[in-house]
Every structure is written in C-alpha cells, then in structure tokens.
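We call the chains A, B and C, going by the order they appear; numbering starts again at 1 in every chain.
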Amino acid sequence: MNLKNKRLYNNPVGVSRFTGLLLITPFIIGFVIFTLYPFISSFINGLAAADGSFSLENYTRLFQDSSVRKAAGVTIRYAAVLVPLKLIVSLLTALLLNLEIKGIGIFRTAFYIPSILGANLSVVIMWQYLFTADGLVNQFLELIGLSPVSWYGEAGTALSIIILLRLWEFGSTMVIFLAALRDIPKDYYDAASIDGCGRIRSFFKITLPLLKNVIFVNLILQTISALQEFNAPYMITGGNPMKETYTIGMLIYEEMFTYWNYGYANAVSWVMFTAIALIVLFMYAVTRKLREDSQ
Amino acid sequence: MKIKYLKTAACCCAFMLSACGSDNGANTRTRTEPDGSLDKCTIRFSWWGGDDRHEATLEAIELWNELHPDITVKAEYGGWDGWTEKINAQISGNTAPDLMQINYDWLINLSPDGEGFYDLNKLHDTLDLSGYDAETLSFGEVNGHLNAVTVSMSGRGLFYNSEVYEEVGASYPRTWEELLALGNTFGSKGLYPLDLDIQSGGTAWYLSVVYIQQTTGRQFITMDGRLGFTADDIKMALDFYKSLEENHVIRNVQTRTDEDGNAALYQSSEFINGNVAGVLEWGSAIGKYESVLDSGVLESGPFLSDGSGNSKGWLIKPSLLYAISSDTEYPDETAAFMDFLLNNAECAEILGTSRGIPASQYAFDHLNQSGMLTGLSYESTVMLDELDTVTISPYMELPRMKEFYNTAIEKVSYSAADTSEAAQEMYDSITAYLETFK
Amino acid sequence: MKKLPLYIILILISAVMLYPLLWLVGASFKTNSEIFSSVWFMPDSFSFEAYRNGWQTVTPFTMGHYFLNTFKIIVPKMIFAVLSSVTVAYGFARFDFPLKKFFFALLIGSMLMPQIVTILPAYSMWQNFAGFNFLDTYIPLTVPALFACEGMFVFILVQFFKGVPKEFDEAAKIDGCGTVKTLIFVLAPCIRPAIISISVFTFLWTMNDFLTPLIFIQSVEKYPLSLALRLSVDSTGQGYEQNKIIAMSVIGLIPSITVFALAQKKFVNGITAGGLSG
C-alpha cells in the first residue's frame, strides 16, 4: 500500500479503499463501452464533413445555423415552462394520492396510465379531438363565453399543446414524490396540528422542507428529459407551425435519419450534451445551499 | 490491488480500440462477382409495407421456396415507421439484406457514385429486364451503373368526393381556371373543393410545380440535379398557391393545421364529413382515402390543363424500386429471385397491385389478362399514361428539398414573407443544396 | 360522508386520465371513418373481428409469439439491471474509494446522453464485438443492463441505501458476514421495495421501447411486441385497418397496466423506505 497516500478513506476497519471501486467496476466497464465510446465516436463522427474529410466545420456551422438556434430557443422555452409546472402538478397529485382511503390503489394506477400510453396513437388522436378548431377545449371556451383559440395553427400556442401532453403524463414524477411523502413520519403532522398549524401551513412548514432532496432529483430528471424531448412534438405537431414546436431533439433525429446527415447530427448532439451538462451543473450549484440548509 | 485495477482499465482501453477498429474494417470489403450458377444458399429480402403487401409477398416467397428449394429466401419486413432508421443502420454497418425494396430518392444518398448498390448490368444472365423500356430502366441508373429496377410507376392524381360535388352542383374541374372558380361555389357553403398540405405529403408545392411546368415547359429539377426553374418561376408558383388559398379553393395552412392538427387528410373529420371534398394523392396510396368514405364515393377527376389542349407538366416517378446490396455474397441467386418477383406470371398474380401497378410489361400484361387491374389507382394510372408527363427527378424528392418547399409555402401562407422574398430564399437554398451533390 | 367530495375529485381526474384508454378500447371495434370522426368512445356495433385478426397477424406467428419474445428480453434484462444496479449503488453508498466523486459525476453524466446518438455507434460495436457478430440476437438489448447502464436506477438506489442505518452493517460484520454477504442477507432485504420499483420501470420501458429492437433485430420471428405492433402501419401504402392496429395495441398495453396495478403498492412503498426525503 502506498504510505504517502494523503487522503484518509472513511471505510470501516479492515475494508480496503478498493472494495468500493471493485463494486462499481460493472459501472466503469459499462460506462466506457456504452457511454464513453459512443460519446467519443459521436464527437469524431461530428468532425466528418459531407465530403468525408475531417474538420471542425460541423461544429462551427451549427452555431451560425438559424434553425439550430431556433430549435434551441423552442427547447429551452419548453423546458422552462414544463418542468416547474410538472413538478407542481405531480406534487399536488401525490399529496392527494397519499391519503389513506379505500381504493386509493385503483386511483394510483389510473393516474399512472397516461405515462404508460406515452405517445401512443390514441393519444395523438385524442389530442386532435381536444385542441383542433372545433375540439372540446374550444367548445368549452365558447360555452363560458371566451373566444376559441387557434391551438395547432398559431405560432404562440402550439407549444402549449405539447406541454399539456407531457404535463398530463406526470406519472413517474408523481410516483417518486408519493414515495417520499409516505416516508414522512405521521407524528410530525400530529405535533404540528397540536401546535395549531393548519393543513396548508404544515405543508409549507413540514412537507416542503423535507421534500427538498426529492424535488431536486425530480428537477434534474425532468430537466434532462425535457431538454431531450423529441417524441411528443414529432407525433403531435410535427414541429409545426413555422418550426415553433421543433425541438433540438427532433432536429437531431431528422438530421440523422431523415436527411442522412450523420456528421452534423452528431455535432449538434455533442453540443447539446455539453449544454445539458452545464445546465445540470448550474442547477446543482444554485440549489446547493438551499438543499443543505435543512440538513 | 492497484495493479489489478490498472489491468482492468487497460483491458477496457484495448476493448475500445478493437471496437473502434470495426469501423475501419468497412473499407476493406470485397465485392462478390457473379459466377453464373445458382448455388444452395439463403438470401435476405427486406421491404416495408402494410398488411396486404406483407401477406402477398410472404405468399410469393412461399411459391419461390417451393420452386427453388435450394435458395431459401428469408423475409425481413415491417411498417414504414422507422424503416429508414433501420436501413440507415444496416447500410452504415454493411449488413444490408441481399435484396431491398428502396425509395426513389435513396439512390442519391446511398449510392452517390453508383457504387452503393450492386450493378445489375452484370447480372443479365439471371435478371431479365426485357419487360422494361430504356427510359424506365434509366430511373435506376446512377453514374452508368444500374443500381435499381423500378417496381411500379406512380403519379399524383386528383380525387373527389362525388357526393359533395353533386350536392353543391359542381362538376370536377378540367382546367386551372375551373379549379379556381370552384372556390366560389364551395366557399359560399363553407366547403372546400380540394386540400393541399405541407406535411409529409407536401402536395401544396407539388401542384404549384405542375402548374408552372405546364405554363413554362421548364422542368422544376432536372434528372441530373439542377434547378430548372428561375427565381421568377418559383415566385409564380407561390403566387399560384396563394391564389388557391385566397379563392377558397383550399384551406390556408393555419386553418388546415387548426382543423387537422398533424394528422393526414384521411384521418381528418373534415375530409370524412365532406367539408373538404378533394385530395391530390399518389394513385398507389389512394386506398386510405377511399376506405374512410362510403364505398364508391371517391372518384378520380381529370388532370388539369390550360384549356387549350396543353396538359403537360404532370409528374410521375418510380414509386418503389428493388436494389441488390453491394455486399451480397450471392448476386446470381438474388438476381434470380428479383427476376421472379418482377416477371414471373404466377408471382405477379399473387402480388397483384400490392406494390402499385407493375412497371414490368410481363407482370402488367398478366394482371391485365386476369382482370386484376381495376379501381381508382388503375384509372388514374391510365389517365396519366395518356398525358405528356414529366418524370420527377430523385433530387426533387429529397427530404431536405421538401423542407425548402414547405418552408416557403408556410411563409407565404402565414404572410410571414411576400412571394418574391420566399421565392428568392427557396431559390438560394435549393441552389446551394444541390451544389453539395456535385 | 366527509370523504365524498374527495372521491368525486379523484374520479373526475381519473376520467381525464383514463378516457384515451377507454376510447382506444372502443375504437378497436370501430370502422376507419368512425375512428377519425367521433370523440365518443362507444362504437356503433361490437365485433371481435379486429382482435381475432390482430392476434393472428399477417406474419406466420401469432401475437403470443411476440409476447414471448418480449419476455425473453425483459426477464434477463430485469435480472441484470437489478444485480448490477444494486452492486454499484452499494459501492457508492457504503464505501469510500479513490475518485468516488468523479465516478458519481460520470454516473449522472451517463444519463445526459441521448439514445439517438449512441445507437449507431452501438450498432457497429455489436456487429463486431470481440470478433463476434451479435446483431439479430437479444444480446445487445439485454447485456448492457449487466453494466448498470441505467444511471437513474443507481441514483435512486444510492438514496435508499443511505436510508438504511449503518449499524445494520456493523451488526452483520460482528456476525461474521463479509462485504458480499452483508449486501445479500442484510441490506438487500431492506431495500427490496426499491428493487421492485426498478424492476417495474425496466418492465414498462422495455415494453414500450421501439428504436433499440428496430435497429438490432432483423428477423421477424425475433421481433418483440413493440415492433410487431407497427408491422401493419404503412402511411405510404394503400391503407390499413386502423381498428386492427388499435386492437393489437390494446392487447399490448395489458401487461404494462397489469404489472403496474399489481406492483403499485410495493412500488410506491418501495421508493418510500429509502432516504429520499429529508
């Protein structure tokens, strides 16, 4: 063993500092083969120009490409609206489903079903019935005296249909919240109610602080998946109108498989990967203090 | 312990290098030359399609396997969704099936120099192409190599909801002027005589191209991939499109998107309920529209002309082609099977029109004799045959090009640009893009 | 009766959540034109023709065959995912080692890589993996799970391990358990609910996965259900019986819904036991 080792490893007596390393070996091997290799290979492929030569052309081009810039804007707007809304909706639903009443299991399953459906054909058709010109939503708006909205066709509103779809599929986020809620000991609330706290106050005083970590987990997971979104706009709006629902994920997919533009697709996705990593890091840094305060 | 760990890491690196190495292995591939004999082997045949095509093709393969027990054909098939992704992976990995059903524009990306697929000219011993005229064969030629053979030709035709037309008291338009005039008749009742889209179909630009080709006699994109239209022609085409919208002949893009979402017209209640009473569609794909209306309601209409006997400019293209993989180990055997699919009488009867009206004269004659050529798709093909048609350039069909057309149409429709701006932008993008293939 | 308004709210939301499923079932009995022109789920008439034809498929195999294929992928994948994720999470949660923070960051990083980018390099890798061609086998679909490739699972499990008091390990050690035995006999039972959760996630995601099998599997007889379901969908051709495709997808949803319904109690409790909160 290296006697000059400066760092002390906080392991139980008799456990080598390599035991942990040995345990995570599957991950390291898997990382090298299934993440690092494709990652590097994607960067190298991103260097390949249309004529087969290697240059940074794809990487420089994408920063000037107006369609990449537009898609990036759409994606960020999409994530910025969807993620907070989804966290709020799934947390509220989780509170509801956390109640100990008869048959709650059936409701939990029912609430999860949209997530199982994903972008199934029925969902696509259903969204059409809801948001087309004389769809149910517009009929409802007219009923309460509002003027109908051009959901699919208007540049400003089309993205909201996609957001609503993903909002409706809050299942997995909700499940994680639900689990965390069920972990909070009941006596915390009992004590609070003796102190005269109402339901709403005890939510802010007890529930929310205890959920800090899990909110963070969901925030990260949802941000990542929102920034990579491609399936929902692909199925529901096709990126229309005027590319207002055309996300970066969709752009990469189309460059790769529709336009046979493999090099460029890789270049864009490599930059996207880096951007998402930076965003996640930023979120991690910003929320750090907040998360550690309660511990 | 540390050494052990380093060893693992070294192994990982070695592994990665070997994995990287596989990419380079692709360059050293060898081409199998035909040997003139049919040996015992298994060949792979891949296609995409719907139920009717799957059923018919599987039955045809069964017949082949009976007739040629030595050459087993293994079928690989699926729906259209994701098929290009699959082919993409297979081509890039040199694991393509021996025989493939391909799309017309794939030749450009998959075989820019004619080396991407097997040269069928080398296989004349087993592959009989005497049922094809030189022009039809030329559609599969790249750089002097015969890369693919046309299975069927198809063109877009106009199809109308006869009930609605009767109700409105209108007859199917024969000229462009009559079409424009229909907008009034239908518009007063809140209906539309026709629909054009900018989604996967892209019929909006297609019809505008036909109109300008007929008027100017110029071809939009030439077969060798040059832009035949001037910026002015493109502007005229966009003006024509805009006039269709303004005359209530078609829904504008926003209305259409609002009413149908991202769905195709045959999935739209506007079409099913008759509010939109016409569609421009490939003869080989009209069945979907027929099936959502009562039987016999959808009828094919005349191809529009300028009224003085000029009916030029309508487009046709090979709707599907067969190609043999350049990596095949069994070129003779695969060619023999391809010959069977294209020319064999019994096979033709089994396949019917599941891949459109056959382009091979032998298969066509046989279907004709057995009375299997009926229906809208055939009617439309017969009418097209009588016209002086223009063959679509594969370059015109490239997905990226369609993107340019749709962007221009969308801008014009949303009035985000006037027609001359949109035309200039489209002209520039097309010129620049086509340049990349030179 | 105090709970009545609560039930009304729950039922109303459930209706919104379930309606597409209900419509889907109804649509499997409808004609093409009925499907696209009515938002009401009730069909005009009932006939099980679509289900019969759908189950038969146009291929030489029935849907039962494709179900079986799917399970041939799901079962090993679930076992692999559980074994590897638990081992790796155990390492991260209970031990200190060189570069631990670095590796944990890599773990998070592996979640950021979009699948569309990795799939083509993976294709060429499996095509010539140590001299063997693994295309058209289930290996590329299942074996990656052996290497804890789903970062999220490890991430969640680490939180759970942290929720189990360290005294458990110490007690096990006094009883003579080594590192491995402690994991198997002491810690794994404590986080059993979490293990169920990741199994269920693996199940649901694999059921729905289309792109991976599409790229790696060539032979129709090896297609999993997700590929078989789209066999008939051809927007470029003459048309298709929409109700049959819908009937097939209804059948295809049954396993996922059943598994979630059965597991939901454990599943939900599963994530509970851990230290996600607080």
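Worth pointing out:
Throughout what follows, a residue touches a chain if its C-beta (ideal position, glycine included) is under 8 Å from a C-beta of that chain, and two chains touch if they have at least 3 such contacts.
Please read all numbers here as calculations on a predicted model, not as lab measurements.
Ranked by distance of CA centroids from chain C, the top chain is B.
Contact count check for A-C and A-B (C-beta pairs in contact): higher for A-C. Averaged C-alpha coordinates put the centre of chain A at 37 Å from the centre of chain B.
Mean C-alpha position of chain A lies 17 Å from that of chain C. Within chain B, the positions touching two or more other chains are listed as 15, 19, 23, 85, 88, 92, 200, 263, 267. Each of residues 18, 21, 28-29, 33, 37, 41, 125, 256, 262 in chain A touches at least two other chains.
Shared interface positions of chain C, defined as residues touching 2 or more other chains, are 36, 120, 125. Within the complex, the chain B residues that touch chain C are 15, 18-19, 21-23, 25, 44, 46, 48-55, 58, 74-82, 85-86, 88-90, 92-93, 95, 97, 200, 263-264, 266-269, 272-273, 284-293, 354, 377. By the touch criterion stated above, chain C contacts chain B in their complex at residues 32-33, 36-37, 58-60, 119-120, 123-125, 127-130, 135, 210-211, 214-215, 218-220, 223, 227, 230-241, 244. Contact residues of chain C toward chain A in the complex are 3, 6-7, 9-10, 13-14, 16-21, 23-24, 27, 35-36, 39, 84, 87-88, 90-92, 94-98, 100, 103, 106-114, 116-118, 120-122, 125, 144, 146-149, 152, 154-156, 159, 169-170, 173, 179, 201, 204, 208, 245-246, 249, 253, 256-257, 260-261, 264-265, 267-278. On chain A, the positions that touch chain B within their shared complex are 2, 16, 18, 21, 25, 28-29, 32-33, 36-37, 41, 50, 124-125, 127-128, 131-134, 150-155, 235-238, 240-242, 254, 256-260, 262.
For chain A in complex with chain C, the touching residues are 7, 9-12, 15, 17-24, 26-31, 33-35, 37-39, 41-42, 45, 93, 96, 99, 101, 105, 107-114, 116-118, 120-123, 125-126, 129, 136, 168, 172, 175-176, 178-184, 210-211, 213-214, 217, 220-221, 224, 228, 230, 249, 252-253, 256, 262, 265-266, 269-270, 272-273, 276-277, 280, 294.
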